[in-house]
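First subunit A sits with subunit B, and in the next complex the same chain sits with subunit C.
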Partner chain A sequence: MPHLENMVLCRESQVSTLQSLFGERHHFSFPSIFIYGHTASGKTYVTQTLLKTLELPHVFVNCVECFTLRLLLEQILNKLNHLSSSEDGCSTQITCDTLNDFVRLFKQVTKAKNLKDQTVYIVLDKAEYLRDMEVNVLPGFLRLQELCDRNVTVIFLSEIIWEKFRPSTGCFEPFVLYFPDYSIGNLQKILSHDHPPEYSADFYAAYINILLGVFYTVCRDLKELSHLAVLNFPKYCEPVVKGEASERDTRKLWRNIEPHLKKAMQTVYLREISSSQWEKLQKDDADPGQMEGLSTYTHVELPYYSKFILIAAYLASYNPARTDKRFFLKHHGKIKKTNFLKKHEKITSLVTLQLLTLVGHDDQLDGPKYKCTVSLDFIRAIARTVNFDIIKYLYDFL
Partner chain B sequence: MTGVVVCHWQHLGKLVGIHAKRSCGVFSWSLDPRTALVRAGFSVRGFQFVEMSSRKSKNNSLIHAEYISQVQRILRERFYHQSPHSNLFGVQVQYKHLIELLKRTAIHGESNSVLIIGPRGSGKTMLINHALKELTEVEDMNENVLQVHLNGLLQTNDKIALKEITRQLNLENVVGDRVFGSFAENLSFILEALKKGDRMSSCPVIFILDEFDLFAHHRNQTLLYNLLDISQSAQTPVAVIGLTCRLCLSEDTSVREVLQKHFNVSKNLQSLHMLLMLALSHITTSHPFVTAADLMEAHQLCSMDSKANIVHGLSVLEICLIIAMKHLNDIYEEEPFNFQMVYNEFQKFVQRKAHSVYNFEKPVVMKAFEHLQQLELIRPMERTSVNAQREYQLMKLLLDNTQIMNALQKYPNCPTDVRQWATSSLSWL
Partner chain C sequence: MATSSVSKGCFVFKPNLKKRKTSVPIEEYFNKGKNESEDSKLRFETYQLIWQQMKSETEQLQEELNKNLFDSLIKFLQKSHSGFQKNSKDWGCQIKLREIPTAALILGVNVTDHDLTFRSLTEALQNNVTPYVVSLQARDCPDMKHFLQKLFSQLMDCHVDVESKEQEKDIQKKICCSMDSLSSWYMNVTQKMDPGKPGKKRTSSNQWQSPPVVLILKDMESFTTKVLQDFIIISSQHLHEFPLILIFGIATSPIIIHRLLPHAVSSLLCIEIFQSLSCKEHLTTVFDKLLLTTQFPFKLSEKVLQILISIFLYCDFSIQNFIKGLQLSLLEHFYSQPLSVLCCNLPEAKGRINFLSDNQCENIRRLPSFRRYVEKQAAEKQVALLTNERFLKEETQSLLENLQVYHTNYFLILRCLHEFTSSLPKYPLGRQIRELYCTCLEKNIWDSEEYASALQLLRMLAKDELMTILQKCFNVLKSSSEKQLGSSAKRIEELLAQFQSLDEAKEEEDTSGSQSKGLQKTDLYHLQKSLLEMKELRRTGKKQTKFELLREKVVNFIDGLVREHLLPPETQPLHEVVYFTAAHTLHEHLNAAPRIALHTALNNPHYYLKNEALKSEEGCIPNVAPDICIAYKLHLECSRLINLVDWSEAFATVVTAAEKTDASSVTSEERNEIIHARFIRAVSELELLGFVKPTKRKTDHVARLTWGGC
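Moving on to the complex of A and B:
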């Protein structure tokens, strides 16, 4: 199908396997198909595109969204109902909360004229969450064709391998299909496909090449890479826009973008600043050295007592409670002397800086409880500035 | 032998038969296909005849497409839908026994109970469906025998099971599909209805309980107890047939032929079906016969090692982390490790003299570590406790050394120093 090839790149073999498994409309197919592969390897996209293009009757359900059995079953039945009743929009909502009722209602719904003689496909995305539901859900869906005595095929999409799904007492084995990870050539091809129309394809391909050179050893996730590609492209084009370099001046363009991408890895890749903050920083033409993410806030100057509160909070969070007496008899006095009101303000400011977080319920009457969320390296740096040897007081380092 | 015969009456009879134990063959005679079959020594029963139009058509490929489509349809129905057309292999004794028992219940009014045990895919459901089909074909009991089909996967507690029984027997307290009354009321109603009949005039009921072991897990086993009790004491003749699986370990020996290899890896009939059906699904007009290549490809697809596939798709940083964990496992003899230990090990490698792997920042390495956890290649030793920070949580690696080394062999564009690091142990010290 030439139309399909343009929509789905680098997945020809998987598409043809799926097409041959589906067979013709009225043919029976494998009762269950299990598709696994890394995230962003195209499982959801290929399955959806294939089913839509071939116009096969299908229902697509995400198991993260439908986290209880009732939600899952009702969504499947209602969507099927929608498929079969093409005339009006308002048909009654079906309610169902056990697999037994589901089988019975499913048989009724599939008696509709346009669903009767064809294979109905049920696609369960993020299927690893089915393992956390009731014990009969996964084996039931694997055998749905036999239990309903209808022409239905259930397709499971997951990142986790099949061996981790199999129940201990065994089950009906599905057909397992692997979606291989994209090679660097494939990634290049797919990412270059979305080039913005103002620039030539070669220009964009060179940019993608540079991007992959920096990020490929760290991350192969297509979604992340395409997000980074979109975010950083304006910066890459900057010299061309300003007139400082032509499109073919690869060396100059590379010199401009490379430190920028390295900074992106430390900030926006780690989601420490949001994409809009990143874009703003680019537009303001800030010096790359000035961009700091949250993990590099050592330059934040804290007042003297706030530092001690933080140190105390860290020790309280990570030392077991029974060791407190041993460590703190001498030290306790210092903290108590502080004015209560000031302490409260300082604690609030620490929470705002996200160095402390609130745990427990808001309505606890005997005072809120906090937990220190900084890393060991950070607290050591802080402790050093007040000449406090924190290592002596940490239980794990005894 | 079973098969599908596609006949084009006027000209040839082509026999396309696929037998699970023998290889495929295509024969052609210019005789009446049924006679041809009998002469070739096959029994006609079990074959399905598909008649094609007897019009002499100019377009041969159109006929091919049509008959291939029909053949696909029938074969798919058989393999996937398990319609009871096929003959039984290897279970003749059990079948005779079962049909005897069912006839005794249906005709002579004797109550019985049977438990059919076998590994998954050994044909239990097929056996019982076949037996029930034969039973309904015998003349004098056509409308008399009632059947109730229960499945442990669907009726997960006794309440649902009871409602389902009432529904399937169409007893009076069922209005449309909804069943009224409480559990106790329903149970006593059924028991009464079944007890009132006597052996001569009431309908025998056959209960088929699939996934029998799941029913045994219900609270107090009320349903099972009552059903079996009825089958011992009640007036209505009742047959209770349970089907349950028993786990069976398969052996692994090395052999040459693909089918023989497959048989040794898994004696499960279902997986054989899968292999054959996969090979068959490639049949199209341009590719009308199953070739050895198809079967080899199908075997390849079926025997992929999934963990190796997942490792194949990891980034270089993630592979380095796995190698670091492997070294920690070697040094500390499989003691659990935490992220900080893995990071230190990784630092030792990067700072040594490796130039192909950049010295990434700690948060970037942490993100890669978390990705491995998401893929379930590493697992925390205990549930996430509030007290420990993420970097210091103890973890376990779920890959062993052979798996890692095999995956590294196939890993594309692996930098040489990373590979050397993997194979060395303490020799670089």
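Moving on to the complex of A and C:
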């Protein structure tokens, strides 16, 4: 099918495996297929386009959205119902609470004549969320074909390997299909595929080449890369638009874009600066170095006593208890551990600010234990404001 | 209460509705000793009036301070979704990730103040951006289900259409909330609104076909990572049909976003940062508008002010708490000081003086400041003041008038002095005006070393610095309409003119201007150096330049003003009427020490119960004290682990000493059992209060948890 090949790039072997698994429309397919691979390796896209172009009856569900079993089951059933009766448009909401009900209702729904004689596909995206649901869900879906005695195939999509799914009680083993990461050549091919209409494909491909040269070492996420490509493309075109260089003048274009991309890697890619701010900067031709990113706002103003509590907590968290004597006896009274007013209230407020965290169980009411989670730089900054030389009291710096 | 049921179980009895609340009108509480003559009702009314004024003033202040922040936030929100609607067919927009516009609002650690900010923010957004504004708190959303439910129900409330409300309530009951149902609901609502009549709220939001939904997460830090991540992932998938905008309320720093969210999730957000005013600056403005003004007659003494400020700086950074403290002092002042009835604006107070009772006149005579004043008067006037009510009232009127004038001048000169000292190196008199105010309230400021060194530094100022300061002072003095300081303003004007004329006569000066050139800079090193030089100059008896003479004049002038007007309030007669001095009470209320109170109650029950029989010498246990007190006192004598048997023996000994008289009425067996039961109850009460807890280390022992326990 040449049409499909045009839409799905660099995934020929996976597509053909899937196609041969699916077989003819009326054939029984493998009961469950488990597809895994890294983020943005085309799992969802391939499955979706395949099912759509082949016009197979299918239901696509994202498990993140279905935080309860009920939501998941109802969504599948309602979508199926919609498929089977699209023309008369009856829209009675099916309610379904358990897997048992689901099997019964599923049989009813698939009785419709347009679903009866062909394989129905249920795709569960982000299948790792199934593991957190009731224990019977995953095994149940794995052998759904057997349970409801219908021509149905469940496809699981996940970023996690199958071994991490397998329940301890054992289950039906699905067909496991791996989507490997795209190679740099693949990325180049896919990214240059969607070139803007006003520029030639070659011109855009050259741009993608430069982009990959900068970003490939840190990021192989296709989505992120294409996002970055779109963001920075106007800057690349700038000399051409201004008439300073022709489309073929690759060297000049390269010199223009390369430092810009490097800056983008330090800012937009890390989401220090939002994309819209980046675009605005590009338009104004300002220096992104001036822009204040997220991490520049490190300063936290704290009340005086809170600072001391935090310092004490930090010392307690990072010094072994046996060294307390050594540090505090000599300089007796340096840290006043006298009555801090409203001490406990303060501690809880620090916990809510995520500067301290509770370790141990919540139910230990009489002796809660906390751990200080701030970094050394942070605590040094705090200690400096109250004239406390924290380095002198830290075991690691002896 | 009895039930007609035969079975055993728990029954709920609803409180009897007929029972009416027997509430006392609030002003009754002001009647301490039922002494009508002390105008308690009037005092209460005055309190309410002043508090209302102060409250509205602070609210207005808050609004002004937030205005900038809100304006920029609204601008961001307005443009954030419009872009996508405009050119959604563009090449870039199809490929680019669609990010959720997110505003990170950095509010500072004073969490108690945030509620107010969010409330006004919600209002502002509803008026300007979209009717759909929802705010969530972390404690309401332990998981996705609750999160979405809360979101859903609040969105429904936002929706203006009243008719369909009933219908929607049914929907809400039926559907388990999912993002799907949420977005379909949204589509429904917006489509319904679209062709429809222009509603009241529509006018503001009609620039969009579909107004965005703004979700405010009030305390971003406390949300669990999983909920936040899942929600962002889900809503980013629905973004094209459910235009969501997030606002994160952040108390610490925006790095927390990266800490909470992995890159895969944070890349779905388009974050912009908005910073609110720092709470210290906020305090300064509150100070300026509420305390350093004659608008409100009520004043705080130095000690009270110190307490309020230290609570703010050391404990919580909360403006709300500061204002609450202010309110408490106001209330306490009107409650405890009978003469506070005169603490209102001057014309009103003058009127009230005429109606003062004899008792109140006596109160005036008893005021220490008034007594001091009387002693200074001539003999016949003294007699008149102490015996003649009418004369006293007239005198009081004029004294109050003087007090008013004193305050007006006081604040003006205080501000002038602050202009002078706030730019000096090392800030000898404090950087903030509140520090200066505290020092001035405490004592004669000119007696302090800091003041002397500040004057010394002022004598070093360069000309242009001096001139800008003088100009500012002139503006301060000019701003008030009072006549008393008009002459001072004029004097400053003259001085300024003289400085200007110096400029014209510069050429002549240049010959001897080498010294003044060296004084242009005012950092500390140069200062010391030039100080030495100055001394040397004086020793050699070299003549000062014109500029130096003039500068000396300015410094002497400001010194004179300070000495004349910045007298501490204690020197003013009748200052007790307007100054609240009971710092002790305030401290007790604001910095409550529950442990100490508990200890006092258990250790010395007489303190609270006021029963004569309970009075005892230090350290011994009165045997008629409540059981828990006896058990508590006995447990104080033990170390970390307490043997229950010994404890019970000791308890029995103490208790039986009390009951010797009626020992004959019950058998000793029974009595022992009763005492045993009482002991068990006392111990379990102590356990409930957290003084002891059962331990597994030793049988029949309990562990002590307080004071010397560890």
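As a convention for this text, the second predicted complex is superposed on the first by the 290 of 398 C-alpha atoms of A that agree within 3 Å, B and C clash if a C-alpha of one lies under 4 Å from a C-alpha of the other, contacts with A are read in each partner's own complex, and residues count from 1 in each chain.
In this text, a contact is a pair of C-beta atoms (placed from the backbone, for glycine too) under 8 Å apart; a residue touches a chain by one contact, two chains touch by 3 or more.
Every value quoted in this text rests on a predicted model; they were computed, and no experiment measured them.
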Practice item. Classify the contacts of A:Tyr36 with the two partner chains as first (subunit B alone), second (subunit C alone), both, or neither. Key: first
Review point. Which of the two partners, first being subunit B and second being subunit C, lies in contact with A:Arg70: first, second, both, or neither?
Key: second
Practice item. For A:Tyr45, decide between first (touching subunit B), second (touching subunit C), both and neither. Key: neither
**Study point:** Chain touching more of subunit A, residue-wise (subunit B, subunit C)
**Key:** B
Review point. Which of the two partners, first being subunit B and second being subunit C, lies in contact with A:Phe388: first, second, both, or neither?
Key: neither
Check your understanding: In the superposed arrangement, which partner chain does A:Glu134 touch: subunit B (first), subunit C (second), both, or neither?
Key -> first
Exercise for review: Please work out whether A:Trp254 is in contact with subunit B alone, subunit C alone, both, or neither, and reply first, second, both or neither.
Suggested key: neither
Practice item. Please identify the positions on subunit A that touch both subunit B and subunit C, taking each partner from its own complex. Key: 270, 295
Practice item. Enumerate the contact residues on subunit A facing subunit B in the complex. Key: 17, 20-21, 23-24, 26-31, 36-38, 41, 98-100, 103-104, 134, 136, 139-140, 143, 145-147, 151, 159-164, 169-173, 175-178, 180-181, 183-184, 216-220, 265-266, 269-270, 272, 295, 317-318, 320, 359, 371, 375-376, 396
Review point. Tell me, which parts of subunit B touch subunit A in their complex?
Key: 69, 72-73, 76-77, 79-82, 120, 125, 151-156, 160, 164, 177, 213-214, 245, 247, 268, 270-271, 274, 277-278, 281-282, 284, 301-302, 304, 306-307, 309-310, 312-317, 357-358, 360-361, 363-364, 367-368, 374-376, 386-389, 391-392, 412-413
**Study point:** Complex contact set, residues of subunit A against subunit C
**Key:** 39, 62, 64-68, 70-71, 74-75, 93, 194, 196-197, 223-224, 226-227, 229-231, 233, 270-271, 274-277, 292, 294-295, 297-306, 341-342, 346, 349, 352-355, 366
Check your understanding: What residues on subunit C touch subunit A, complex-wise?
Key -> 80, 83, 91-92, 95-97, 99, 101-102, 104, 106, 108-109, 111, 143-145, 174-176, 178-180, 219, 221-222, 230, 233-234, 237, 251-259, 263-264, 266-267, 269-273, 275, 278-280, 313-317, 591, 690, 693, 705
